[in-house]
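Naming follows writing order (A, B, C and D), and every chain is counted from residue 1.
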Amino acid sequence: MGEIIGPMDGTIEAMPILKLSCPDRPGIVAEVARAIFDGGGNILDADQHTDRVHQRFLQRIEFDLPDGGSLDSFRDDFGDLAAHLDLDWTLRRGDERVRLAILVSKQGHCLYDLLGRVAMGELAADVAVVVSNHTDQGVAAERFGVPFEHISSEADVGEALDRAEVDLVVLARYMRILAPDVIDRYRNRVINIHHSFLPAFAGARPYHQAHARGVKVIGATAHYATEQLDEGPIICQDVVSVSHRDDVASFVRRGRDLEMVVLARAVQLHLDHRVLAYENRTVVFD
Amino acid sequence: MGEIIGPMDGTIEAMPILKLSCPDRPGIVAEVARAIFDGGGNILDADQHTDRVHQRFLQRIEFDLPDGGSLDSFRDDFGDLAAHLDLDWTLRRGDERVRLAILVSKQGHCLYDLLGRVAMGELAADVAVVVSNHTDQGVAAERFGVPFEHISSEADVGEALDRAEVDLVVLARYMRILAPDVIDRYRNRVINIHHSFLPAFAGARPYHQAHARGVKVIGATAHYATEQLDEGPIICQDVVSVSHRDDVASFVRRGRDLEMVVLARAVQLHLDHRVLAYENRTVVFD
Amino acid sequence: MGEIIGPMDGTIEAMPILKLSCPDRPGIVAEVARAIFDGGGNILDADQHTDRVHQRFLQRIEFDLPDGGSLDSFRDDFGDLAAHLDLDWTLRRGDERVRLAILVSKQGHCLYDLLGRVAMGELAADVAVVVSNHTDQGVAAERFGVPFEHISSEADVGEALDRAEVDLVVLARYMRILAPDVIDRYRNRVINIHHSFLPAFAGARPYHQAHARGVKVIGATAHYATEQLDEGPIICQDVVSVSHRDDVASFVRRGRDLEMVVLARAVQLHLDHRVLAYENRTVVFD
Amino acid sequence: MGEIIGPMDGTIEAMPILKLSCPDRPGIVAEVARAIFDGGGNILDADQHTDRVHQRFLQRIEFDLPDGGSLDSFRDDFGDLAAHLDLDWTLRRGDERVRLAILVSKQGHCLYDLLGRVAMGELAADVAVVVSNHTDQGVAAERFGVPFEHISSEADVGEALDRAEVDLVVLARYMRILAPDVIDRYRNRVINIHHSFLPAFAGARPYHQAHARGVKVIGATAHYATEQLDEGPIICQDVVSVSHRDDVASFVRRGRDLEMVVLARAVQLHLDHRVLAYENRTVVFD
């Protein structure tokens, strides 16, 4: 019936990844390609996009250093060229492991899903801490041997994240609002799942709103959290058809599957350095 | 490669169809089934729904009169029982042909699609008139030999509809608002296509709004028009995925295919008497 | 951001459910409705279907016994009527809990997903045993406190299932074939997930087959297992779009999310008594 | 309610488009970018893909010649470099108009759809001829003022295509098989729509096959025709959910909408030079 795939099956990229953006101008593709080539890099996969409205060029490049070149010295060499080309850029080792915080309230479906994926090696990440304003999901964290912190005062959340030295914060159906300074400190590193196809049904109880409106599709949206609730740059969205036979409880039930898949996909894309956020929108090189 | 299907392949239902609704109460399914049986009818297909929030029972029944019974006498007999059961009901001959008005502005994709479907016999309807506030699509109507009326004053539209003796009004990307008295006269008989997944991006230029928000899905919504713009009961919705590679023109282009399919599906469902509207929502027995 | 829903939110139906089928004939809807009514039952939700090709009538009815009637005496009364009407029927208490066996090979994603859902109370079931031809997933079972049996000889599986007194067997990416006598003993109670949109790519390594063919969609299929591999009655299918950017590893990764959602949905539908299998096909009253 | 978009809204690309492929090797991206830059071109949009299985690099580049350079002299200059780089390449003016042949049997939905799109200016093409082995759809061609040829002998089709000097042949539910020499002469320029998600249900009567198998999704596949029936490189596929409520006639009806949208999308992608076929598969730069 099927292939046996180990935990390392392509999920975890071992190659260095360069993400860059700059004001668009003629010749930029050639210049960047040349700069990488001159730095000893061999482009394995390049994806670029020009946003003509905002006149911005964005690119993601996977490359290797075939002659045993060091990434550090590539970084130095490329840095000089990048300065010359006025690039906004980041260079990530492909094999880094990211430290995750998962924040959750009472519902555990996204939490269980993420814990399972990490346990199976699907995500190149470790769960540094699970934080909740409730105690219900302590058992889930315990099952997977992950630290759990019950924090009732919102003001203490930022400190817990810093203490756990996390790289990425996942709001896995977390029903509280993060403090603006936390949002700011983890800019484009806080992923929230909202249980509607935003911008429809922002705010509280979206499935109730959706049912009251009589919609025939419901959705879920993963986005980077910003100071404006439910208004941050969208990473992924997906929907599922519903009918008059679905009541609110059924919306909730069907929505759960969407939420966990859409959130996990957004986390995966982020971990693969496939998401570039700018101007409250994203380029997703999938 | 495939079957040959004539124009009559199941699209056009030849059987009488009963639609009914009433306050929900115990025993109603049995009572209605008995009433049809007593009236000489044989239920071929029945679909019912109980809206527990609004405490309403709704049902669609296709039946035949196997012993050569007349539909008129069935109507009389059933009427007595229905009064006794306090039903809100309609009985339609299955083989009626509906007279359509198609209202359109400059864009012709939904118009061409509907004209083609009628020409091929996919829809059990005739196009009585195409009405437009522009002259661009006159040629489309002419190609299909259908009357075209260019009406620049909104006040004259209702009269044109009445004059053409239409049963159903289809707003096929009609960029004007119907007068409230027309909406009222054709209550639940005006189908509009809105080019977003409502309630997101109601109002003007939804693709521009959607692109500005950076969404990853776009949609289309067919609904019965009411006095409140873009707020009537939803019949069908569908969406398609988009990415950063799609600009507004690409949203428009992809959206067109959605719009024409979603609108045609809503019209088809209406013509098959599969839609029951109540409380600003619909039950769609598909 | 959203509603708080406890584990019991509508997932677990507390109402008795009657499933029945019989050769189609006039008056059957009325007769069944009358039989339930006479037995003291009040129909809350009824869904029926007539398969005109196979001339079969199938129905699912949720009802309650409002005057404190007993289900056992209802069963007796209804049984007499059912015999008279020549019905093939089953009556289930709504609040029963089903005992599950989950069979798995090396990959754990469907297993983790099901264990999480049971732990959260999403599924009205208990996992009686996890059976595997490998030891890899023992840790998953252990995390959720569920018995794990490593069985290397296929001949011993049936005995393990019987010993655990299971009602439903879920093949959650189980790469072996069940013995015919097991299939027969658990007829329509073994749900398999196949990682393609059957009948395309039956058999081994479907993602490799799909990639070799250059398809633009991949899928997953949940079906009741029969003696013919990958040919049993289909319960659910879903697909996701892929592109040239997806290699086999990416097919596998995207496919995993499909597999777990489609399998969980099939299990849920089965547990809600929404699936009626006949003639190697299903009616799914969702 | 919405934007007014003229017929030229981005559908018709005015820019030159270069498609190329070559055996993959280090530095190729930089070399091609440099070659275009040296030829006086400014890259507006570039999309590339490396097929690691077949070790092939493929790229599509939209560019302009900002200093009023001539495309002919660019072609000459680039040709020298391309020879040096061992590229397999084509260069198309963006504003060319393609001559289409549409082949059809009895069913007209794809034909009407394509005729409407051409009439509205959605497709940068003209319909040079409609060819059919039946006379039914002559009226459709006539409505749009397009030549219609009824050809009963398959042997005469190739000659009719040549006589009409067509660039692209669209099999819009054409139930005959083209002669191998025609396939060969129009290699990767014959687009067929098959009414299933291939490779499931190849051959005759796919909806009947699908219904007999009891599937829960049906699909449509647009592909370049090859000598092997239904086995050519796939351009687009899409599916729609079905249920037990859908009989074969309903499969046909729902399938029609899929077929016309999927076929039109494939034609659009081909006309935009977004499809590169190789090794019986396609790269689609959408």
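Methods note: a contact is a pair of C-beta atoms (placed from the backbone, for glycine too) under 8 Å apart; a residue touches a chain by one contact, two chains touch by 3 or more.
All of these numbers come straight from a predicted model, not from anything done at the bench.
Listed candidates were A-B, B-D or B-C; the one reproducing the A-D interface, defined as more than half of contact pairs identical by residue number, is B-C. The chain pair with more C-beta contacts between its two chains, of C-D and A-C, is A-C.
As a whole-number value, the distance joining the C-alpha centres of chain A and chain C reads 33 Å.
Rounded to whole angstrom units, the spacing between the C-alpha centres of chain C and chain D is 41. For chain C, the set of residues touching two or more other chains reads 245, 247, 286.
Across the complex, chain A meets chain B through its residues 49, 51-53, 197-201, 213-217, 219, 233-239, 243-245, 247, 280-284, 286. Taken together, the chain D residues at the contact with chain B in this complex read 1-5, 9-11, 105-109, 112-113, 116-117, 119-120, 122, 139-140, 143-144, 173-175, 194-195, 203-208, 229-230, 245, 247, 249-250, 252-253, 256-257, 261, 264-265, 268, 286.
Chain A makes touch with chain D in their complex at residues 26-27, 29-30, 33-34, 36-37, 42-48, 50, 66, 241.
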